[in-house]
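Shared between the two complexes below is chain A, which pairs with chain B and chain C, respectively.
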Partner chain A sequence: MDMNGFPAILAMDMRNLFRNPVLLGYNTVFPIAFILILGWLTGDAYAHVSDAYEYYAVTLLVYGMFSGAMTATNCFMERDIKKPNLRIIYSPSGASAIWASKLIASFLFDYVLHVALILVCVPLLGISIGVSPWVFIALMAPVELFGSALGIFGCCVLHSEEFASTVLSLVVSLLCVLGGTFFSPDALGGAIAAVSYLSPVRWVDDTFFAIACDNDLTLFWPVFAGAIVLSALLAIGCKKFFRTEDYL
Partner chain B sequence: MKGMDTLLDVRGLTKEFKGRRVLEGVGFHVDRGEVLCILGPNGAGKSTTINILTGALDADGGQVLFRGEPIVDDPAAYKRHLGVVPQDIALYEELTAERNLRFFASLYGLRGKKLDEATEEALSFAGLADRRHDKVKTFSGGMKRRLNIACAIAHHPELVIMDEPTVGIDPQSRNHILESILRLRDSGMTVIYTTHYMEEVEEISSRILILDHGSIIAEGTKESLKESLAGQRHCLVEIDGQGETEGLAPLRSVCEALLLVEGVQSVDADDAVIDVTSQAGVENLDRIVASVVAQGFAIKNMTSVPVSLETVFLKLTGHDLRD
Partner chain C sequence: MMAFFGTFRSVLVNDFARARTQAVASAVLIMATLVSMGLGLYMHETQHPMAHIAYVTQDAAQAPASSDELDVVVVDQKPAESLLVKQRYDAYVMPREDGSFDIETLHGGDFKMAVGALVADPSLHVDLGQSQGGPGYQMIGFMMLFLLMGSFGGLFVFSQDKEEGQLARISVAPVSLAGYLAAHCVFCLTNVIPEIALLAVFQALGHDIGFTLLQYLGLVSALTLLGLAYALFLHSLIRKRDNANMLGSATIMLTSLLAGGFSLAVRHAPVIDAIRDALPQKRLMDFASALENGVPADQYASLGYVLGFAAVLCTVSWLLIRRRYMRAL
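Then we have the complex of A and B:
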């Protein structure tokens, strides 16, 4: 792969993402609105209303990070982007530049917006993300990367944005429900709580809550390294399954 | 025949899709500075061949040599010398013409002053210098097609592959594009061109390749194809149906008489016009005239019709090009 054109491709992908009002809204307005509404509605069930905001800020943030898969599918195979991307296949940059650039672009897009989101929520809603916010923010990076890699991998395997979006949306929702994004699985008994650990969302949720509430970093490195390894495996899968025919 | 000036040498390409063989030993060469037109009915294997030549698709067998080197050895090096005009408009609609050109040219390593110059030149080539700051989505179909070509040649490739670049545009834009292709050829670029419009082939081709069922069935200049493959000469004889003599011989008898003339291969009569197909090279016009007159008909008009590429194509493939 000739890397000469890669910065230009990446810049173009970033530009396309940041000019997409739907994706911008989905990653900023949508989670803030949900955190406010759900926190306000359930505030009475918590010792302080800020605890409710904190719970939903963290869970919806994790949901958003996994939903980065949908940003990636949109960035990768959306019709208006796919057609001009044909020229990248014909250029010295080659086919791998397409998926690699989309993966990095959607990761950066989601990461920047989600970091901004959490940095707004901390002072606005009085929530805590731990003694050192940078630990929390640092752990977000590999999880975001995993979400983006999952989306690109889905497109490479399923060969269509629509199909990949449908399947990934279902997969992410299942993982989040199982992992306790919308309700605590612990409240549903020991068996369900044990099953919830099959979902990576549960591990990620637990780690972020441990950092935010208890400054407990026990799971930081396992989750950090696990997300990086899984992302790398998905990237290898992208290289293996990406077919230029899907673009022709 | 291959010569010292061969830029691209295609040898025995084969390709299968889902167990169906779509290319069967396709081989040809492209010389520097020529415009090679590839023709074929739908499903003949044109697009597959083009996709292999652009490096977007791998062949199952055979190889493509650029300047004598297999393109698969160093695809990036090959692509630096290649410009591709895809059949679909491959542009960012939300960007301006200039921004599109700058982006696509930058993929070939152009920076700074070189990029500025290449962009200027390509805008002027496309006749869009005055619309450079307008978004592509505001352009007409013809303007988009012109920009689609400009984006492929901004980096001055040696070889340009164009896959039906004039689909669905007005005659004015088509003429602009065809003139542009001849300008590219004159500037030393080599062009491979596929189209469904025979008049375009007539206008721009240096050589023609006809593909059918995944194989090359004919190759040559338009003149040589007409000459060697058709081997026929058509003559239209318009007769006066109100002959002067009473007891006119029926038209059928004229046709029968014409079939006896030396060199005549077939005769079709349609009302007052008789289409006489003769073997090329046999001088028999005087005998055709005599034969018609002998049957009591007066000749109102007589035209010798040259064999067209359309006829050649139809004869070789059994299809009309736009079927």
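Then we have the complex of A and C:
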């Protein structure tokens, strides 16, 4: 792969993402509205309403990271960029530059917006993300990368952006419902708590909670490394399954 | 009339042919809904104790026993703070020398007192007023999000046609637009078959599902219709289908949770209640609740609101489609 053209393609993809009002809203306004509504709905049970926000701020940020898959599918086969992409396939940059650039662009886009979200929400809602917030923010990066890789992989395997986005949004929603994004599986106990461990969302949630509430970093490196390895596997899958004909 | 049925039939057949190529997506969609329904049934049928507490002591013999009200776990060290936030435990109870307790909880004073009383005397019966509606109401709440999102998924046949410029061709061909749209809608409505089948299985296995299958069919169809009308509206309003899909799933999630999906604790405030009452999902839940209690007539207005809401969205979509997509490109 000739890397000469890559920065230009990446810049184009980034520009497209930042110009899409729905994607911007989906990664900023939507999670904030979600945190406020869910925190408020359940806030009655708490002495300090910030404790309800704390739960939903963490779980919904993780939800946001996993739904980076939807940003990625949206970015991948955007109608407006199909024609330029078709030219890139036959240019010296090669076909791999297309999916790799989309993967990195949606990762950067989501990460930047979610970090901005934290900068607004943490002081505003009086929640804590740990004594050293950078640990929390650093661990977000590989998980965001995994979300984007999942979205691009979905597009490459299912060969249709529409279906990749429907399937992934359902899969992500289901994993999040099981993993405790909307209600705590532990509070329900028994089988629900046991089943929740099937969802990777649960593991990531637990890690972020440990960092935010207990300053406990034991799960930091396993999750960090796990997300990187899975992202790499998904990227290999993209290379294997990416078909240039899908663009025709 | 001939044009209507001719178009209806051929478009419907074509939709099913297109769906076959997307079997994976349909299977995932159905699975998600069915798992959620199983979760709803399970949550209704299991007893929830009022509180999970961690009793911090070196001497397990002096800890209170678990009861229907209180789930007690004995630990020798105070668990992590995050377990309170994650609601694994509702309170940490630490006995003092003099026989009283230190109670650490994120919940308010009433809750703290109730836990204190229960630890001191496990046979007490304390009610903090958590009610959760009947099994049918809860089941609809668990199906709602996935059914509405499923309608968006099913309407891919329309959004694809739209983006590929088929609508302009329809306007110049001897086919009926109404027949074309009706076929897409009927295609989407067939999505509810697996859900009804699962409910029949639940019923056959002797579970209390709250409604008759026919009532379920009506409620689930109303939900699907609502999702369809909304999907049609967004797809005719927003030109890019990705954007329509994303905006649709985001708003559906927010409104469904606010309307009482997944039986989330419902808190009241005048402004929020006004917003909630404007949500068609909330009104359908109201109707479901009245139906389950045997007084559907109380909430016929709500059912009318839901159907009216869907009808208005369909009409607006119809006008938008005619104005924006049915002209020569």
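Remarks
In this text, the second predicted complex is superposed on the first by the 248 of 248 C-alpha atoms of A that agree within 3 Å, B and C clash if a C-alpha of one lies under 4 Å from a C-alpha of the other, contacts with A are read in each partner's own complex, and residues count from 1 in each chain.
In this section, a residue touches a chain if its C-beta (ideal position, glycine included) is under 8 Å from a C-beta of that chain, and two chains touch if they have at least 3 such contacts.
Worth saying up front: this structure is predicted, and the values here are computed from it rather than measured.
Clash-free side-by-side placement of chain B and chain C is the outcome of superposition onto chain A. If you stand at the C-alpha centre of chain A, chain B and chain C are 100 degrees apart, rounded to the nearest 10.
Judged by the touch definition given at the top, the superposed model places A:Asn27 against neither chain B nor chain C. With both structures placed on the common chain, the touch criterion links A:Thr244 to chain B but leaves chain C unconnected. Of the two partner chains placed by the overlay, only chain C lies in contact with A:Ser165; chain B stays clear of it.
Touch counts on chain A: comparing chain C and chain B, the chain ahead is C. Contacts of A:Ala210 after superposition on the shared chain: chain C is touched, whereas chain B is not. Once the two complexes are overlaid on the shared chain, A:Ile88 sits against chain B while remaining clear of chain C.
The gap separating chain B from chain C in the superposed three-chain model is 11 Å, by closest C-alpha atoms.
By the touch rule above, chain B contacts chain A in their complex via residues 47, 51, 54-57, 75-77, 79-80, 82, 84, 86, 88-94, 100, 103-104, 106-109, 151-152. Within the complex, the chain C residues that touch chain A are 22, 24-25, 28-29, 31-32, 35-36, 39, 42-43, 46, 48-49, 52, 71, 80-88, 90, 105-109, 111, 145-146, 149, 152-153, 156, 159-160, 163, 238, 240-243, 245-247, 249-250, 253-254, 257-258, 262, 264-267, 272. Interface residues of chain A, counted against chain B in their complex, comprise 1-2, 4-5, 8-9, 12, 16, 19, 80, 83-95, 244-245, 247-248. Looking at the complex, you find that chain A touches chain C at residues 20, 22-23, 25-26, 30, 33-34, 37-38, 40-48, 51, 54-55, 58, 70, 73-74, 78-79, 158, 160-163, 165-167, 169-171, 173-174, 177-178, 180, 182-184, 186-192, 205-206, 209-210, 212-214, 216.
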